[in-house]
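The same subunit A turns up in both complexes below, where it pairs with subunit B and then with subunit C.
Let's turn to the complex of A and B:
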């Protein structure tokens, strides 16, 4: 059962297991980090540029840069863990029937694993620099050296 | 339906915004990752996500993220300071103050872009 405490000491008393207490702490720590990562991401992709004009080239350039790969992968892993654990609290609260709750979790976790795998592939495995023009590629390689 | 005071609304909105953000996150990651299949795959997906309906939806997602982030900071203050719980209502009004402070300028920047891109002016 999700820990509902305000204050670490109460959370410790309420948490049935050490794992549940660890999730309680994780939600606070990852949340604080995500405030900066995600608001920075929103600022870069909606304020500095026009998000409605984003096309393949922008993605290919961004995903060819090592710094953004690390930034995006940190954001991807933390936000998926934070979001899926949040969803687990919600399902525990709102889906009362144990069988339906079990299957809702199976579907949700499977989807999260798929999205994490596909997202990680695009960040860590796929070489987007191949499709870029020679000039862009040179700039990119200088930028990431 | 919740008919509680500020604290309950804060909790309820935190959940709803969290679920909305998670749903967007899953779609967003798959959408961006589609670039692995090449420029054409990206193009056909962006043709959908650049429709005015989805661009307005994105404004909603930005608002949801901003509220969730600011109220999350409020929760952290409630959990880890001696005074956070006592002033949780004032903190919630602080959340909305900061929300307006950040969200209105973002709207001022983004809404005209959407209007311009849609009308083709």
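Let's turn to the complex of A and C:
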């Protein structure tokens, strides 16, 4: 016997899956990974270079490298999933009305999908190496430091 | 000294909404809130409804919201709730459970959750000749969670429980903890069915309200975290 379910939604919530356990583990792991990813990002865009001097060429030089593309894409997807799941927790905890909760989630998830799509497109579908010759790349990196 | 006892009263036959009613009561500093409620019920207004049984903090009948904090009326002393004569003590029914009348709430959702975790020894192995022995260390492992009196102070102080009441609640998890960590018990997996659902332990946000509310000083939040860990280690 489970806690008395009055609606289909409640009965579904009580069905025995380990989805919430998986999310709980994901939150901890992604949180830890994100700390290092973001620290690395802060180092590259604030300490390695004066943040006020960051220009397209500096970023493009880094993103023309596949490793850094993967790095940024990992940061994008992990932070979106981590943040949206946190938002899901908040909505589940604070929006009492089931219909409003449903629509709040629809809006939040749609925005997340949109941001993820735009972010992935600009990261993966743009040729960052265009216009960066060997010389300008060296000059730029020398000049900005 | 005189104190004002402000009670959130509700009679579904007379009014649609609950409302405050104040009573002037003669009180000693060492009086319990339960004594004040008795004084009102015996001498001022016999229609006041509240639950109490033993009056000594063991039966768990008289948990209520006293000065905004979940406490047992039989353990809350006037001297701890007032600074001077004439001060006001507020008494409200537990939050998150439907109010039936005055301070009496419907405890059915609470006990549904209690039943869901199967709060009894599960062990199909043939019993030994005399008894299932246990070392003092094994007994100490779940000692804190044996102290629960099912007063519902923890569950009804939990903000997650307030939202829709489908969260299984700290009290049921403490009861599950009492058996999951019992070396004689074999029913952990059966209990995990209710505990690992999305209405189970993963809804806990470690607000610590339950630990503060517990009149038996059970480290409730810690028990919940230990159950989370037990489920985690069972799956990975």
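Note that the second predicted complex is superposed on the first by the 116 of 145 C-alpha atoms of A that agree within 3 Å, B and C clash if a C-alpha of one lies under 4 Å from a C-alpha of the other, contacts with A are read in each partner's own complex, and residues count from 1 in each chain.
Following the convention adopted for this analysis, contacts are C-beta pairs under 8 Å (C-beta built on N, C-alpha and C of every residue); 3 or more make two chains touch, one makes a residue touch a chain.
This structure is a prediction, so every number in the text was calculated from the model and none was measured.
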Scan A:20 for contacts with subunit B and subunit C and give back first, second, both or neither.
-> second
After lining up the shared chain so the two structures overlap, which partner does A:32 touch, if you call subunit B first and subunit C second: first, second, both or neither?
-> first
Using the superposition on chain A described above, determine whether A:83 touches subunit B (first), subunit C (second), both, or neither.
-> first
Which of subunit B and subunit C A:132 touches, first, second, both or neither | neither
State whether A:96 touches subunit B only (first), subunit C only (second), both chains, or neither.
-> second
Please write out, lowest number first, the residues of subunit A touched by both subunit B and subunit C across the two complexes.
-> 5
Where on subunit A is subunit C touching in the complex?
-> 1-5, 10, 13-21, 23-25, 89, 92-94, 96
Mind pulling up the subunit C residues that touch subunit A in the complex?
-> 108-109, 112-113, 115-116, 159-160, 163-164, 166, 168, 193-194, 196-200, 202-203, 205, 228, 231-232, 235-236
Can you list the residues on subunit A that touch subunit B in the complex?
-> 5-8, 11, 28, 31-32, 34-35, 38-39, 42, 46-47, 50-56, 59-60, 63, 76, 79-80, 83-84, 86-87, 90, 111-112, 115, 118-119, 121-122, 126, 128, 131
Okay, in this complex, where on subunit B does subunit A touch?
-> 15, 18-19, 21-22, 25-26, 29-30, 32-33, 35-36, 38-39, 42-43, 46, 50, 55, 58, 62, 65-66, 69, 72-73, 75-76, 78-80, 84-85, 106, 109-110, 113-114, 117
